[in-house]
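Below are two complexes that have chain A in common, paired first with chain B and then with chain C.
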Partner chain A sequence: MERKKLIFCYLMVAPSLLFTVVLGILPMLASLGISFLEYDLLRVRDFGTPFVGVDNYITVLTDARFIQSVWNTLLITGLVVAIVIALGLLLAQVMDAEYRGRALIRVLICAPWFVPPVVAAAIWSWMLSTSRSPLNAALMDAGIIDSNIRFLSDTETIWGISIPLLSVTAVRIWNGLPFVVIFILAGLQSIPKSLYEAGSIDGASVWNQFRFITLPLLKPILGVLLLLLLITGIGHFEINYIMTGGGPQGQTNVMAVYAYQQAFNSFRFDYAAAASGVIFVITGIICFFYIRAQLKDGDDA
Partner chain B sequence: MSVFGRLPRRPARTVASALLITSTLGLAAAPVNADEITFWSQPYGDLLEWKRGMNALADAYEEQSGTKVNYEVLNWSVAFNTWLTVAQGGAAPDCADMYWLHSFSAIGGDQYGPLPINEYKDQWPDLDKNFYSGSLQDSHYRGDFYGIPWRGDVRPLMYRTDLAQEAGLSGAPQTWDDLVTYAKAMTARDDNGNVTRWGMSPGSEIVTQAYIPYYWQAGGVFMTEDGKTATIDNDASIAALSFIRDLVWEHEVVSPEFMEKSYDPESEFLAGTLAMVGSTPGAWPGRLQRENPDLDGKWALAVPAAGSAGRDAYAGSGYFGVLRGTEKVEQCVGWIKFLSSPENMQKLSEASGNVSPRRDVMASDFWSDTDWKKVVGETLEHQHTSQHPSPAWSALINDEPGSVVYDMMYEAIIQKQDVKEVVQRAQARMQAELDRVSK
Partner chain C sequence: MSDLQSDNFLRPRNGPLAAARLNNTVTRITVIVITALTLMYILMPVYWMLKSSFQSANDIRAMPPQWLPKELSLQAYRDLGELIPIGRYIYNSIFVSLVAAVLSTAIGSSAAYVLSRFKFPGMSIILVMILMTQIIPPITRAFPIYFTIQSANLLNTYLGLIVAYVGFSLPFSVLLLRGYFQNNCPPDLEEAAMVDGCSHFGAFLRVILPVSMPGLAAVTIFTFLNAWNDFLWASLLLNQGAMKTIQVGIGDFAGEGGGVQYINIFMAACVVATIPALIMFLFVQRWLVSGLTSGSVK
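What follows is the complex of A and B.
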């Protein structure tokens, strides 16, 4: 009976496992393999794809544009993750509370989730274009600014942070927030109400209830969420690419965009694979902690 | 009525469904039936009208030859990556509407990508007589014949005539100095001194293509005829880059954002926040006429303004060719011959709005029934092919950071670095890229 159950389980998981292997693992391994070859599309015909060891990694890791993209990736991901979790905790409470019009608020909070990132990027590109931005027009009309803000092209930086970087970060937060809110909301709803009732009886303030009941009980979920956001954030591509193409002056360029540009603009699939290899290593480290946390949770349970 | 003739109209819903399925599932593999070929083309003009017209041509060809043509649209948004994949062995049709022959041939080598069809060239005995020579360069590579050019993208200057008149200017700018005069006169500012309308954009949002004609107009060439030696460290580069830099910073008539991805000259022109485009993609005027009747009579085309060496206009071509791997070369050649007949080239030119590489089509009434079309015809006399004899060319002029020409422009124009030093660095980088292909 136990054996039949096991076979049934394997059968159930087989399709998704097959897709993961064919569409995820194999291309990833192929890409890793390419990162150790000279794979220049303009030279393949005459010179083949000789093994070059770690030369591609050395080239990429000594390229100032790639180093800048690593810094930008970490900075944008850090900002997105921190802000989105903070806002998520707040908005999840709003969604969890009971009041008139809650359904409408829930829909509004979740609305950005219905917009694919590609579409969101296109819409926000228009919203933030210097000369046609309705935001600039509104701020001008209100007398708050007397010249247009260059949301996507201002090259002034303070500690490496520029307005375009903040603009792209804001759009990524806007687009990613509903997922986080729903995730945290699910966690909130698993916390027994009796704990809050007991806290109230003991005289705990709202803040203390949040600090000593909500946060500790959400900790496992927040941990998983943090790691998932880091993994998806490190490899993020579309919003940065569509809104700015990594510009101005590389200030919003991230590792995935750099890899794309190497492959499809310069025809250097070897450098692109090496850049992807770096992304793989970073996300691999994060995944290690994620899986370890999952296993630990399983053991604890 | 469709410019393709009186042929049955299929329901728009069917076409839309087909497009949706095509874009969702990807393009289908070649059919197995010996009497069928698969043909891809990018869409031009009105999408549904174009697809309907191509299907009609395919039906007519089937009736004539017995060969069924399975026509599929390859959307521009995925076209480049698709052809790049095809050149590396990805799923390919039997024949197609293609471009960038030099790069894709070099990438595909003798395994994938475009297939030379030298043995069939004699089916077009008057090629040199009937076609503009510049367009034929785009269907030949290393002496091999790859197909028939069918569309051109010649780029004239476009400007707002109403704004020019308001500024007291008549006629079109003829020289670079005129460009400065016109752009200054048509630039508008608010009470705070903020620009509300830029006088000029050098070209389209593909900024590297925008730069190229200015370099030619200053007398420059990018490489030697064998494609092995870079030739940009010269006075022409300095003149072209300095001219555009001055337009941005000294005359303040070009937006300092014009090289950023978020800058869209076509939308700005339509919105009235841009008065002139120095090098206008061939598709814009037709689209403007079709989709913006409110601007009728308010814009005009002109032959590009003259630099010190001429009025060269950027020109590109697309061609009908055959793909390696197909077993239906003869059927494809027959289909291409059918498409390249004068009457079908006329239909294709009218439907797409693209200039035709065929001289007789450009001499037709269609290309002289409006002022702007006449100017397009005049601009053809100044066309300069954008193809260059190196497979590295498309990487060199890519319009994103990292390409030689983009970086050169950004450093010299936007960052205001020493132009001479920038050009010297670009020359070294370009030479390394050209060497990359052969050493």
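What follows is the complex of A and C.
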């Protein structure tokens, strides 16, 4: 490529590259670096930040609270991803079908997208409170329960799954659904309609058309979606933090909240960095497949 | 329905077609029921917020709860300004989100353009770095970013939060616009302009950007929406008195107990915080589906 053109290319990407490096790559590397140092904010002035090898990882990985947060993260992410994709497949079809009032249904299904997370967490905390919850009142009225469900504070567990964890999972599903529906809808619209016409002439039921036409053709998109949801699910912070702060007794704590609390509540930046390192490794592996898929797409285009 | 009404509707009579029709009825009913239940689940909190914001605090607390409000009033909206400096918070949020969104689109579009058009040394590394920044959860770099902003003396300034937002949304803007340019701007567009004596940059500025307005607008609005909705970074980087964004303002009000004591006013504040996001969403929603296809799904 001629020189002038090259200079033009680099000038055009330079600002974006600067932001990506300063606020993306360098902080990631800094965090990885700190994870091998002792970095206790309260001791930094007297003792500095000596190199401690993998000690922070050992400390974090033997901390029962962290192990609990890892299980919670995987459990919540698994539940959210499975349910959100299943519901998303169904709702995307509903959005795609033609009927009167479709535009309104589309906006309504997307409601959680434009309700700010703080607002959503506030309202859900109210709906899921023990004594003020309208849900509890309605269930009591209907005679389904005879004492209030402690949605966010029950400490009993059933097969290792606690009610607060399920409650937070329900809010996470609520929050994540619109993106998935729209994503799948985008995929649906790339399937030629003629396939369905051929299918119905051959007498295939709606269900069989879904199974043998829609699902196979959506496979690549569902693959990308699955990777995306796993990554964002494992790193999710906001709703768990605002709704329960990880409680009660760490039952809804996830890795991201653990890392945040180590840094900004206990000032143990080294433990926070090690916990982030674990998130980084898990998401990094998934990310590898995601980036490979994205780059392969780019070359085809 | 005729299948359901006939005597032996369980037996497929006219071969596969009738069986398919029966199956279709069952499938349709199942789909409608699940959709209705899911819609209730999606809309219940939104309805509850809206309804409560028009009630008095006493009516809201009434047991059993009033699913349909007995009385409606605008009192909560009138009292809102006295308890929460809501106007100021909205101004802060709009200012920060708007500047971040415009900056991010401007910077991102120029990178997206060359990344969609040319192959140059280092290009794939740059793309991988952008993809990684987009995809690795931001929580893993929360406190290094906090330190970066702090050491630049930008804590508790509008600029600090704006810089952080540009950093977060940039990968998204670049990747989406790259897809947009690839799909919607054929290269002969600027080739024609360059034959007429335009430079590369001139062609980008005078040809590519104007024809890409819908894409640019959608990316800007999307970025605005993300910044408007953000709580985590705003609460870390800009949590001082008058400069708070509306999300932090609402979060702090709830944290100080105002969410229970002045529940109706709190709900009115929540509605007010949602409306700008709703308006922005209505602008982009038409574009969302096609945008996602060309940008990240492909």
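Keep in mind that, in the parts below, the second predicted complex is superposed on the first by the 275 of 301 C-alpha atoms of A that agree within 3 Å, B and C clash if a C-alpha of one lies under 4 Å from a C-alpha of the other, contacts with A are read in each partner's own complex, and residues count from 1 in each chain.
Operating definition for what follows: contacts are C-beta pairs under 8 Å (C-beta built on N, C-alpha and C of every residue); 3 or more make two chains touch, one makes a residue touch a chain.
Bear in mind that the values here come from a model prediction, so they are computed numbers and not experimental data.
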Contacts of A:Ile291 with chain B and chain C, given as first, second, both or neither: second
Partner chain in contact with A:Leu17 - chain B first, chain C second, else both or neither: second
Chain B versus chain C as contact partner of A:Arg65, first or second or both or neither: first
Which partner reaches more residues of chain A (counting touched residues only), chain B or chain C: C
Partner chain(s) touched by A:Leu87 [first = chain B, second = chain C, both, neither]: second
Contacts of A:Asp146 with chain B and chain C, given as first, second, both or neither: first
Touched partner set for A:Val118, first chain B, second chain C, both or neither: second
First (chain B), second (chain C), both or neither touched by A:Tyr57: neither
Which superposed partner A:Phe36 touches (first chain B, second chain C, both, neither): neither
Chain B versus chain C as contact partner of A:Phe264, first or second or both or neither: both
Common interface residues of chain A - those touching chain B in one complex and chain C in the other: 132, 264
In the complex with chain B, residue positions of chain A that touch it: 40-46, 65, 125, 128-132, 146-148, 150, 152-153, 243-250, 253, 261-262, 264-267
Chain A to chain C touching residues, read off their complex: 1, 5-6, 8-10, 12-13, 15-17, 19-28, 30-31, 34, 87, 90-91, 93-94, 105-120, 122-124, 126-127, 132, 134, 137-138, 141, 174, 177, 182-183, 185-187, 189-190, 200, 203-208, 221, 224, 228, 231-232, 234-238, 241-242, 256, 259-260, 263-264, 269, 272-273, 276-277, 279-280, 283-284, 287, 290-291, 294-295, 297-298, 301
In the complex with chain A, residue positions of chain C that touch it: 15-17, 19-21, 23-24, 27-28, 31, 34-35, 38-39, 41-46, 48-49, 61, 63-65, 67, 107-108, 110-111, 113-115, 118-120, 123-124, 126-133, 135-145, 147-148, 163-164, 166-168, 170-171, 174, 182, 200-201, 204, 225, 228-229, 231-232, 236, 247, 250-251, 254, 259-260, 266-267, 270, 273-274, 277-278, 280-282, 285, 288-290, 292-293, 296-298
Chain B to chain A touching residues, read off their complex: 80-81, 84, 87-88, 103, 106-110, 192, 194, 196, 255-257, 259-264, 267-268, 271, 273, 391-392, 395, 398, 400-403, 410, 415, 436-438
